[in-house]
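Which chain is which? They are A, B, C and D, in the order written, and residues in each are numbered from 1.
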Amino acid sequence: MVVTQVDLAADVGESFGVYTYGEDEALMPFLSSANVACGFHAGDPMVMRQAVKRAAQHGVVIGAHPGYPDLVGFGRRAMVLTAEELEASLHYQVGALGALAAAEGLTLRHVKPHGAMYNQAEQDERQARALAHAMARLKPSLLLVGLAGSAMERAAREAGIAFAREAFADRAYAPDGSLSPRSRPGAVHTDPERAAAQVQSMVRDGQVTATDGRRVAVTFDILCLHGDTPGAAAIARRVRQELETLGVAVRPFS
Amino acid sequence: MVVTQVDLAADVGESFGVYTYGEDEALMPFLSSANVACGFHAGDPMVMRQAVKRAAQHGVVIGAHPGYPDLVGFGRRAMVLTAEELEASLHYQVGALGALAAAEGLTLRHVKPHGAMYNQAEQDERQARALAHAMARLKPSLLLVGLAGSAMERAAREAGIAFAREAFADRAYAPDGSLSPRSRPGAVHTDPERAAAQVQSMVRDGQVTATDGRRVAVTFDILCLHGDTPGAAAIARRVRQELETLGVAVRPFS
Amino acid sequence: MVVTQVDLAADVGESFGVYTYGEDEALMPFLSSANVACGFHAGDPMVMRQAVKRAAQHGVVIGAHPGYPDLVGFGRRAMVLTAEELEASLHYQVGALGALAAAEGLTLRHVKPHGAMYNQAEQDERQARALAHAMARLKPSLLLVGLAGSAMERAAREAGIAFAREAFADRAYAPDGSLSPRSRPGAVHTDPERAAAQVQSMVRDGQVTATDGRRVAVTFDILCLHGDTPGAAAIARRVRQELETLGVAVRPFS
Amino acid sequence: MVVTQVDLAADVGESFGVYTYGEDEALMPFLSSANVACGFHAGDPMVMRQAVKRAAQHGVVIGAHPGYPDLVGFGRRAMVLTAEELEASLHYQVGALGALAAAEGLTLRHVKPHGAMYNQAEQDERQARALAHAMARLKPSLLLVGLAGSAMERAAREAGIAFAREAFADRAYAPDGSLSPRSRPGAVHTDPERAAAQVQSMVRDGQVTATDGRRVAVTFDILCLHGDTPGAAAIARRVRQELETLGVAVRPFS
């Protein structure tokens, strides 16, 4: 067994006003941590408050999931922000969620950038440094969450903040270890059994079967589920059960 | 002399993107405290950060100036929010500014609602209570700023938070002690001498000359200037000078 | 039989970005007209274009469904706009939808205000006049849609524009002929049979059974269904079938 | 004399809510045409209506100045939109302005993309085609405004719509004929005499003196002034006077 404990996480709080997104309520009981949207790409104060309350009820550890100021594009469109803009934007969003969390007695453990902000910071050293630096300036105990081996991991090390590596239970991996793009068929595992099998392989062998059948090494501290996958709660339930069957403890990474 | 010390304040950080509003830079040297917009009615993360930095440079104490989510209306249009919406919105905005302040080594001292949120909370007990309660839940040491005798003052007392009464150096008063509406001619003093005379009267006699010539009692801890009054910095300079001439100490209320 | 033809309508195009709202696709085949959101309370250019394309495919006549600039509140929160602001806002929204419609070969037939804009214009003569006047200035052939006997009906007459009276298939009526507030249990008919029975009564007798059992007269040209009622498409199917059984022609009012 | 008539234009309507941007009122008397912002990067319905009214008063021809949905970035940040998103966004914005114009008796003559949308469409064939195609679908008589020799010019030709080439009176040119970036010192001519001299050279010789002293050919139908240049109105007055002295007619291109 390569892994003996896992932090099971999902993105939550991505509804907005009358619009519902994801299955937060059904998902929450299976998680050990959650990434809460902060109002820029998704989420509004009421939605965020609701997400924080649910996390508190289920003993789920939370972190900030900041995004670009692009509600209509759900933060998935690449934007070019200066380092100063990124820092100010991160402080704003993390602070906003932090206050809503504090009012429910919770403290933020981590920051996981969303969508295009995540994708750009995976590869772009300047962006990754801006984020890590902004976190160090705000609260050095915050954990940065991203892909193992990414620019974010290097930037976190440089900035002197802790880094948590995440892998995905419900996403297919390309042969080079990256995620298979959402545009490809089969990029998202909607079958709970498929996700459970991938988790078993990750946990037992530290590997996943890539889209071409090859085995690829995957290193992780946090296992992420996508709350917007159809049937997300059923997948979460099955993955959680699989982890328990394997004797892997589900608990917040720290 | 009725008053021996005064907290000289103004609303700042109300620019947005390329748009400049007010004369923050020129105003700041004369202030002892500032109310920083929080991104809903005005302000954006970069603008707020800039305002915080300037306050830090000049040793100006800051607080949050939250508003309704109505950028195009500058938060001046009445909106009906539930108590829960008000609370979540206040936590969000205060938290966002709080993080930007923390990154510059500052702590928020107070909350002063903006525009329609202020006007509604002056008279509407339900709104005032929602705000005061939200502050108590977030951080009981925060000071609520509003008009003496308003619903906000009563709500602050009930919620167990401190209240600071503000008066206005550059606004004309109606005979009943309320502010003369902006729609009336002469509602705003743009002549620095006029503002200085009003301040002298406030400080020496605890009174102002109302629009009908009558004398009205005014009680205050904070003397507010409007950063968007034409020539705001010249008014601030003159008022500050007047206070010094009168031997009144300008320092943050606490 | 009081009514021999009916215009069966619903609000559509109220999704936004990744957020889906209502059951536009399933609903459209049963409608003769549709009210398309215009980007202020809901809808974005892509969503609106999609709604227009679907309407074109199904031969559904469309109109504009403008709202207050309050996405997070879905345009349901009362706001105070001046007559000039209302007019400019209406022109902007109607024009935006009109261009998207023109690109698909459609022309707008009507305007039906949304949410709080509708509710305020039902009772407030000033608001109703501002809307009717704005329509007359823009394109006098546009039809205003609202409740029979409302301020909007009077304002349309004054402004010289046509008015279409709407009634609701899936909403319960109060004894005074107004809609039972959404906050009351049973305010929305989610049972298709219930809606069909109400429609039968409206069409045969020109009456509905109010919440207290009394019979109330209802006059209408357009029968509105709510696309966001759970099971909206099933209700639409059943209502359409009922109308056909009764021999009532379903076609656009003009 | 290379040029005997010129269309003198500026971007207007870029204020927002309480925020003023540019010197529309002072500028308008000197212009023959104006590019009106459409609410995405700047402008709101009231601001746009005001700009349209002023244009009507001064007999100024107007066109749409659509931008990316990025108010805080003033539409100056690169964004990646699909061709469908670009088209829907263009139809929405052009339609919105078109209705406000129609209410004042004006028709839109042209479309000039703003900021990053302009810059990307200058070089990116796909973007340029999407814009030109969207215009052809909406109203083939609309004129596209852009730089001579740009991807937009080629796309307009392909789509069968007319193209108007613009040059800049108040911007310095690089030796390759492109605009000197705003980040460079001297990129913007704030001295009216400097702008007048450049205009004289453009009109008499079809050339400008580039930043390195070399002479560069410039071909244009529209001469653009930036309303946000400090002293924009003084520059406009001087340029207009220069054109009149040179015997060049100032009138809308068509």
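The rule is short, and it goes like this: contacts are C-beta pairs under 8 Å (C-beta built on N, C-alpha and C of every residue); 3 or more make two chains touch, one makes a residue touch a chain.
Just so it is clear, the model here is predicted, and its values are computed rather than measured.
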Chain pair showing more contacts of the two, C-D and A-C: C-D
Inter-chain centre distance, chain A versus chain C - centres from mean C-alpha coordinates, in Å: 41
Where chain B and chain C are represented by their mean Cα positions, the distance between them in whole Å: 43
Two or more partner chains touched - positions in chain A: 72-73
Category of the chain touch graph - line, ring, star, complete, other: complete
For the chain A and chain C complex, residues of the former touching the latter: 15-21, 42, 44, 71-74, 228
Sites on chain A touched by chain B in the complex: 39, 45-46, 48-49, 84-85, 87-89, 91-100, 102-103, 134, 137-139
Complex contact set, residues of chain B against chain C: 69-70, 72-73, 77-81
